[in-house]
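Shared between the two complexes below is subunit A, which pairs with subunit B and subunit C, respectively.
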Partner chain A sequence: MARRVAIVGTGQTDHCSHRPDVDGREMIHEAVIRALDDCELTIRDIDAIVIGNMDHFESINYVDTWSVEGSGGVMKPIMKITTGGTTGTSVAIAAYYHVASGLFDRVLAIGWEKNSESDTTAAIITCSDPIWDRFSYSGAIPSLATEAVGYMNRSGATQEDAARVAVRDRTHALNNPHAHLRKPITVQDVMDSPMLAYPIKLLDVCPRTDGACAVVFAAEGTAEKIAPKPAWIKSCAVRHSITWFGDFDFNAGLMSLQRAAKEAFDRAGIKNPVEDLDVAELYLPYSYAGLKWIEDLGFCGPGEAPEFVGEGNTDMGGKIPINPSGGVISTNCIGATALIRVAEAAIQVMGKGGKRQVPDVVNALATGFGGCFWSDVVVMSTQRPY
Partner chain B sequence: MEKIAIVGVAQTTYERRKKDKTYHDLVYEVTVAALQDSGLTLADIDNVITVSNDFLDGRTISSMAVGEAAGAHNKNISTVEGDGTFGAFYGAMRVLGGFRSTLVVAHSKGSEGSSRFITNAMFDPIYQRPLGLDSLSSSALQANAYMAKFGIAEEDFAKVSVKNHGNAKNNPYAQLPMNITVDDVMRSKKIADPLKLLDCSPISDGAAAVIIGNEEIVEKSKTRPAWIKGIGHCSEEYFLGDRDLADPRALRNAAERAYAMAGISSPLEQINVAEVYDAFSYMEPLWLEGLGICKPGHGHKMIEQGITTMDGSLPVNPSGGVLSAHPILVAGLARIIEATLQLRGEAGARQVDGAGTALAHGINGPCGQSHCVWILGAEV
Partner chain C sequence: MTTGRDYSKLLTVKFDRAMPYEWSVGKYGSRFFREIIEHQRFVGIRCPKCNKVYTPPRRICGPCFEELHELVELSTTGTLVAFSVVNYPFPDPNTGQQRPIPYTYGYINIDGSDSIFSHIINETDAERIRVGMKVRAVFKDKAEMRGDIQDIKYFELLNK
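Now for the complex of A and B:
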């Protein structure tokens, strides 16, 4: 029987475009120390470590063994999990299973990326099949641009509707001291920003960020002693179903998110997500995802997202605030990005959000996105699962 | 710990170059074969762990290439980047954590990359990479440190190569079954002092898969289960200069964890067969010391004493070990598979009679910085 597991502490660096003052290990160390401080533990209390990033961004092979002086992994069990953009949620879910298995009581999950040391697009290009996909869907933007056009054609959504999502996330980021881009923008600013690949403009997409995030997971029995209000993991589900970009149906919903969310919601007892969830930290790498994918999550019906977002339902104070942290459009240290979603959702459950806190959060949702239109979903709560 | 077991295994033959197959194809081959071995269908597999490395595959998000080949469509999945023993460790935790079954699959094609550049990238980019450190040169440093500390001769290591390549003759999957002598090893081409060609494992292509299940899945499988009795992993310091390379203390720690779970207090007496990660000949005796199978400095005496040979009390690497086939990442999973076959009594000509408890071992990072130890048992 799996043990119940909760998040008891989180730590993040103050994310920015370039951290020339620290190397990767030192940056990881910053996040680890903050996470341990948050739950008043020391590295001696940690039984095992899970770490993840994307190898080719910093060009470090075997990051698990390279990082030990920063992660605290000397003479501890450590393993590396890497699944592209979903790395952060994959790391969190791996830490969950470390504890749920009964083998470890307190486990540290770490995601990090130093994008300033990389040529992000040059690295991402190589995820595609070298023969069939690499010349049509190289890098992150082309496939997303295709998806956006498909959604606009189907729903009648406009570029301005998408810009509203970017404005929301960037506005929320003003409340988050860790966020990378903390400067308010308007719909007009988005519309006036340079076109990257129609209909995606510069302010529709995430930045490249240097940053690290660390999250402490603990078992039932231990968690309550560490944190007054632990964030219990209610369920997690993952779909990494597609290998080829050509297999993705750009004229349909995000299948991986629909299926992962259904599994996770069913197990967590979430029947009506807008009613049952109090806050959502979603991996929205570009603005159009903030329309299309919330339909896949069941926040609103197909084609209704422009109106749902436009009416302010996803703003702070709305029915289901999305990305109080400012989201991925404000901060994107890739290997850490999805773990930050988990950390921020846990912060909301634990009531530690400060200026970005949503009042009275019981259930929170975190998602990850990456690879070939893959999705990870984690539901957490102030209430114990089962 | 709940009762969980390995219920299905499969490996490709290991070859210098598998020109006719992509790693997508290799993963598909072993996925199908592992299901056939277990008698299960894809519907019985709850979730999948793939094992891959972006440097080896020359692809970022290397897991993207193999998910569907591993049957992971519409299933929960994750990816461990590291040796297959670590991937299987996560697979086991997912069964203990609520899934009924995990398929773990690893692949690598050493033929499609440059081992020198790939393993050079393990080292610190500012201070160490320009020195040209890679797995060969760093392992040569470790071999020298080990020889100097205990007064071991190169010939002592050569005996390991002779034994393991000889054992490989009984393993149809091995890449380098060979009749060689200590003299052959000593006269083979010097690669990095004191390592000579026949002290080194080859470059290999291959894939392997295991299926781990809970008791419900064990019931449903047609194979004799190899019960997971103990697992442990641990890493030590990163910089080579911070480590005593002749003292594998992370391995000692990992072994202690696995032994404590499995109730092993005297490994030499209680373990019947061991498959350890001998990427170089010197590693087998060094790891035997770390595993507590002999005292520090005594590892090289184990062959002469007739303990680790096929007719000894604890045969080590009956498969021929990593020296006889070294598909990186896959090699650790192959150790688990070999241990499983021994416990089932299905190891053919390399079978150790009456093997009831088996050890499998894998490493990550330079000079075995991180280790993973598995104890498997034929009985619950």
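Now for the complex of A and C:
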């Protein structure tokens, strides 16, 4: 029987496009110190560490050992997990498994990336199959563009509808001192920005960020002593589908997210996500995902997202605020990105959000996205799971 | 923790050399490229369990976790199911040089196959391309073929 587990502390760097003042280890250290300070622990209190990034982005292939002085992993159990964009949720879920297993009481999850150290598109291309896909593949943007075109054809959604999502996230980022892009934008700004791959324009997509995030997980019995209001993990689910780009069905919706959400919501007792969840930190790497994927999550019916978002339901003060942190469109240090979703959802549950806090949060959702349209889902709550 | 950042005094170290690799194509993948060299045609492979035909042919059906054996001859024509015109510059990890842009990345459902094949389309005007258009593979001259994905030069639009 799994033990109950809660998040008791989080820490993040102040994310920005280039941090030549720190190497990767030093940047990791900043996030770890902030996470430990947040829950008033020292590194001696940590029993094990799970760390992850996109190792081909910095060309450091043994990050777990290379980074120990920054992570605090000297003479501790430490492992690296790399699953592409979902790396951050993978390290969070693996840290949860560590504690739930009963083998460790306090585990540190770390995600980080120095995106400035290589060309992101070229590095992402090396994730694709070298024999079949690498010749024509051009990184994340065109595969997302093909998904967006399919969604627009089916739903009648417009480029302006998608731009509204980017405006929401960038507006929310103004409240987050850690966010990378903290300048407000308008729908017109998005429409006027350069076309990268139709229908995706520069302001529809996430930036490239240097940053790190660390999250402390603790077991029931320990967690309540560390944090006055821990963020209990109610459920998590992982769906990693095929990696042949050609096998993905663009017309079926984001099936990995549909299935992961169904499993996580069923186990957490979430029947109507919009009513039962109070806030969502979603891995939305581009604006169109803020329409299509919230339909896959069941926030609204197929084709209804443009209206649902347009009416302000996902803004601060709306029915289900999405990305009070500013989301991925405002900050994208890729190996940390999904862990930041988990950290930000936990911050909301713990009531530590400051200017970005949604009032009276009980249940919060975090998602991760990556790989070949892979999805991770985590539900957390002020209430201990049964 | 760092506060003020004096960027003028901070250094970076550059690495820009090629790192060679040699990837195995496998039994059915090799057959796919050999069929192109010898007969300028495509072959796929059928899953005995779900009956799905995969192109390029591979040894295992992921969802069924079944081993595949039955090669199927396919047409060199297909239907465009998705595309994107790429307008932004980036270094190509295959060459170390910037990949020429614009170019069109296309997903093609090859006739007789159930999976989708990714390659390039020789049309970069997005106004002239529509999902659902018929396309046909154009191959390199036989003498220039090397047994890789670029033995297919591109797919051309048939019903402009």
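Here is the rule we use: the second predicted complex is superposed on the first by the 383 of 386 C-alpha atoms of A that agree within 3 Å, B and C clash if a C-alpha of one lies under 4 Å from a C-alpha of the other, contacts with A are read in each partner's own complex, and residues count from 1 in each chain.
Basically, a residue touches a chain if its C-beta (ideal position, glycine included) is under 8 Å from a C-beta of that chain, and two chains touch if they have at least 3 such contacts.
Remember, it's a predicted structure, so these values are computed and weren't measured experimentally.
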Which of the two partners, first being subunit B and second being subunit C, lies in contact with A:149: first, second, both, or neither?
-> second
So, A:335: does it touch subunit B (first), subunit C (second), both, or neither?
-> neither
Looking at the overlay, does A:242 come into contact with subunit B only (first), subunit C only (second), both, or neither?
-> both
State whether A:195 touches subunit B only (first), subunit C only (second), both chains, or neither.
-> second
Counting residues of subunit A in contact, which comes out ahead: subunit B or subunit C?
-> B
Could you look at A:59 and tell me whether it touches subunit B, subunit C, both or neither (first, second, both, neither)?
-> both
Classify the contacts of A:119 with the two partner chains as first (subunit B alone), second (subunit C alone), both, or neither.
-> second
For A:141, is the partner it touches subunit B (first), subunit C (second), both, or none of the two (neither)?
-> second
Return first, second, both or neither, reflecting whether A:72 touches subunit B, subunit C, both chains, or no partner chain.
-> neither
Go through subunit A and flag every residue that touches subunit B in one model and subunit C in the other.
-> 59, 123, 126, 130, 242
Subunit C-facing residues of subunit A, complex = 20-22, 30, 33, 59, 119, 121-123, 125-126, 130-139, 141-143, 145-146, 149-150, 153, 194-198, 242, 244-248, 250
Footprint of subunit A on subunit B - complex, ascending = 1-2, 24, 53-55, 58-61, 63-69, 72-82, 86, 89-90, 92-94, 96-98, 118-119, 121-122, 124-125, 231-238, 249-250, 253-254, 257, 364-366, 369-370
Contact footprint of subunit A on subunit C as seen in their complex | 1-2, 5, 7, 10-12, 15, 21, 23, 25, 29, 54-56, 58, 62-63, 81-88, 90-94, 99, 103, 105-107, 115-120, 126, 131, 148-150
Hey, which residues of subunit A end up touching subunit B in the complex?
-> 1-3, 54-56, 59-69, 73-84, 90, 93-94, 96-98, 100-103, 123-124, 126-127, 129-130, 237-243, 259, 370-372
